[in-house]
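Note sheet for the following structure.
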Amino acid sequence: MFSKFEEWYRDRHDYARAWKEKSSGKVFGCFCSYVPEEILVAANILPVRVLGSHEPQDVTEPHLFGMFCPFCRDVLAQGLKGRYEYLDGITLAQSCIHLRQAYRSWEQHVDQPFSYYLPHPMSVQSPAAVPYLREELENYKKAVEEFTGSKITNDDLDRGIRILNENREAMHELYKHRIGPEPKLSGKEAMWVTVSSTWIDKEEHTAEIRRVLKLIEEREMDRECGAKLMFVGSENDDIEFINMVESVGATVVVDDHCTGTRYFWNSTADDMNDRIEAIAKRYVERPACPSKDHPVRTRFPHILKLAKDFDVQGVILIQQKFCDPHEADMVPLRKYLEENDIPCLFLEFDVTVPLGPFRIRVEAFLEMVGEEDLF
Amino acid sequence: MITAGVDVGAKTVKIVVLRDREVVATAKDLSGFDQAKVASELLAQALEKANVTQGDLAGICSTGAGRKIVSEATHSVTEVSAGAKGSLFINPDVRTVIDVGAEEGRAIRCTEKGKVEDFAVNEKCAAGSGAFTESMARALEVDVAELGKLSLGSDASVPMNAQCAVFAESEVVSLLHAETPKQDISKAIHDAIASRITSMARRIGLNKEVLVIGGVALNVGFIRSLNEAIEMDVIVADDPEFVNALGAALIAAERAN
Amino acid sequence: MAKYKTEPLKCWAKAKELRDKYYQDYATAHERGGIRWTGGAWSFDAIPYGLGDDVYPITGEPYAASIAFNKEFSLKCMEATEAKGWARDLCSYMRNYWGSMYLNKYNFGGPYPKPTFAFQDHICCSHAKWYQVVAEHEDIPYFNIDVSVGPYHLIKDNPQKIKYIVDQMHESIEFLEKVTGREYNDDKLIEAVKTDMRSTSTWAKICELNKNVPAPLEEKSMYSFYVFGTLSKAKKEFADFYDELYDEVKDRVDRGIAAVANERCRLMSDTQPPWGFLKVFRYLEKYGAISVGSLYTFGLVGNWEVKKDGTWGARETYMEKGIEINTRDEALTALADWTLSRPEWQHFYDPGLKTEMMLRIAKEWKLTGVMLHLNRGCEGLSTGIMENRLGLVESGIPVMTFEGNMGDEREFDLGRTMTRIDSFMETLDLEPISAD
């Protein structure tokens, strides 16, 4: 049922190259989930999120000091190895310093005609954030217009907003099928869907979700659900890891990842006269990355609500090694969840994860979670 | 002119005695706890082999992690200068030297004139040194000398987390549990260390000819993986462990002039 | 026979006294009915001065550096922080600071003095998170100003960027009034903004004197002076001290007094040093090498601009230019504009900008080479450092790197670092002048 998504996940570059040929459109690589894709879609550009490939590599050390996160190094390695050679442009929406470096090194050492550093407010809780981002988005829109040579009209923006929102809505509907005693899809399948949504043409992606949604009610799962878990952390598209977790008696039913719910959870208002302001508002108000979650920790109640709504028995806290923003959240987050009776397992991720030792820890965690069920 | 080079490494002490730029004796022993004593005794042995006395020497240059404890030394240089000097003596076309010893990996870029232009050292990380192959051999329960040969029998590419030696060891255990053939695991180990060394060497740039020195150069599995990683064929120095001592002896001769 | 005359700096005693007083004043502020606040060395410390003359900050970075210098206490702080579950690779300043807070021990004696509020700004990922944790632990109010609007050359033509910061500053004043119950005084703010300009511009003038050969200052001494700009840029006593220091350094230049008697190789460092191991800088002297500064010591505190002749000099203050500052809004706008132009703020966005500035320093300060501290303790200043290395090497400047940590001695290896220096000196064809 999810084979199309699996194929998209696996053959991301083939897809983008084929899309480009078919549509004669341009493809932009997006660094970070804060890139305002509405504007790109409005300009008939395919936004593709740049992710790593989970392979050891030896090309980034001249560019990135080893204390920065494995994800940013893996991302840069893709560029240096020419895997994204089809990109017409790249954009970084400012969040953490780690990915920012991958972007700058990429910009300098990989050829592409367009590169844009989009300053993005870190104090998203300040009333000054939306008006400021609005101006930055205007500048970005102008830069994209200059690059493509055509104006982005309000109609274009409406289309961009609609296409993004439709995909977000479809994702929400799909996620509803992960609630309840017998989720209708595994966490691995959900990961194929959510992660691929960050690079597949959104209308095509939405249509495929809609196709699946028609069939999913009738779906008989050929696997035991086991313990229902949530993943929380930074970027995570590690299929091998989620597969391992789900092979030892668990199903992952929800997440708080920037490659998961944080990416699609909220919509852009489609009834505001100022479209750019509407987009700015969406990106300011979306579930925050820890790098932007201050002074108040808005993430925690949001994560707890997800955990409760999806009725999870435990949370796996996934920490990209050296990721400072997440490291600054993990300790109080774990305390907060445990105080709310949600057990947690903390794991530190590298480019590749040592599946053997992790399996033992996950199994032990599941035993603990299972025991709690008895009482 | 007769000079000697004394390389006091983390694991072994190596000595080269030169007469008019010709090697006349070498000696090697484990460093042990009393490196100064080992170095003195070994120097005496080497001189005896060369049939000269200390008084005949125009200079003694020490190098290596323990270079400052050699009381006989008239000069002292780091492994970077010694390695470059020795390597260019062996092959004047060398532009990149990769030196992998027991505790540290190094890459050195030299100019045509034999000057060190840039160098990189693997920072405090066992994953890029001989210590890594040794601990992996232990985990695999094979002799370290066998480890390299074992990997030649494999064409598999099993990815391993090369960032951390501790993680790597638990990965080896997992692979063993998953009944991965030992030769494939051995290949994965050498790929990992080669990747680590290549990463570091790329910092200074890899230019032909690339000469590999240091004890780990004797590991055929490592050399195969290194050739693949850097996508060119390296040259392995004859007696790679002695190149730094040779370089030190050459420097002693230059300074005596 | 020494190449140059040297003599100790006369300002030492005064510097020490001022620094001690700063930490004592903070600790005892409440006894005098005053306010104490905590925040970063990058904070707009001029703003809280509008609350009155009895406002005493403690800035986290130099406080943590002082802990790092005190190795025994630092280790205890690290362990206290780790015991709470925090990762070992987080900012080591932050970990030292948190540890002191968790242990309730002040590095200058007594219990850790609880601040009234936290006031921070944010340009590095750890900035806002640092005081979020402090505010939670101490149960104090917290305000944070996001300044990450891009490098200064893009700010000038985009008034909305400055406006974003100024809007937050206005908001912060409302916050300050609310949490202290005091009425805010704009005249005091204006005075503080002018003092900030004076102190940071004077520091740049002092650093500029190091273009002279021989250099009148070496970097290890500079650390003891630049620190005032990290403690409080807007404090009158510190600005006055910089005026005095300038006169003394200028006098050294006029009389040809060197910091290092055998200066023959001029270097610069980069990022914060490993504070517990400043002897590394003394080790250089064995080779007649001297670190004459760094972008860090010059540009974290000092404010610079390109002068008519194309070289770097101290940025002219508003006062020197005759620009009046009369209202709160003008003061805040001036403060934002002034602060965001400081060199060390630029590289967060693009390592190319930093490489450019480093090449400028290399040329104008007549350097032979560069020592980059790959500082595991600070993600902010290590940002892009490998690209800086490449950029410098490509421009023909010899570079050595050494890995370490500004505040966590467990990640620094003195012996290996000295060997690294030996290797680097060998590549520069320098032999030791003196024994170890």
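Order of writing sets the labels: A, B and C. Residues in every chain begin at 1.
Going forward, contacts are C-beta pairs under 8 Å (C-beta built on N, C-alpha and C of every residue); 3 or more make two chains touch, one makes a residue touch a chain.
Here the structure is a predicted model, which is why all the values come from computation and not from measurement.
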Pairwise touch network: line, ring, star, complete, or other | complete
Does B-C or A-C have the larger number of C-beta pairs in contact?
-> A-C
Would you mind checking which chain's mean C-alpha position lies nearest the centre of all protein C-alpha atoms?
-> C
Based on CA centres, what chain would you say lies at the far end from chain C?
-> B
When the centre of a chain is set as the mean of its C-alpha atoms, what distance in Å lies between chain A and chain B?
-> 45
Using CA atom averages as chain centres, what separation in Å is found between chain B and chain C?
-> 41
Give, as an integer number of Å, the spacing between the C-alpha centres of chain C and chain A.
-> 36
Residue numbers of chain A (touch at least two other chains) = 61-62, 321
Multi-chain contacts in chain C, i.e. residues touching at least two other chains, fall at 374, 386
Specify, in ascending order, the residues of chain B that touch 2 or more different other chains.
-> 123, 203
Report the residues of chain A in contact with chain C in the complex, numbered from low to high.
-> 61-65, 67-68, 94, 96-98, 100-101, 104-105, 108, 117, 119, 121-123, 126-129, 131-132, 135-136, 139, 290-291, 294-295, 297, 319, 321-322, 324-325, 327-332, 334
Using the touch rule from the top, collect the residues of chain B that touch chain A in their complex.
-> 123, 159-164, 167, 170-171, 173-175, 177-178, 191-192, 195-196, 198-200, 202-203, 229
Contact set on chain B toward chain C in their complex | 65, 68, 77-81, 115-121, 123-124, 203
Give every residue of chain A touching chain B within the complex, in rising order.
-> 55-62, 66, 70, 321, 350-357
For chain C, which residues count as touching chain B in their complex?
-> 374, 386, 389, 393, 398-399, 401, 403, 413, 416, 419-420, 422-423, 426-427, 436
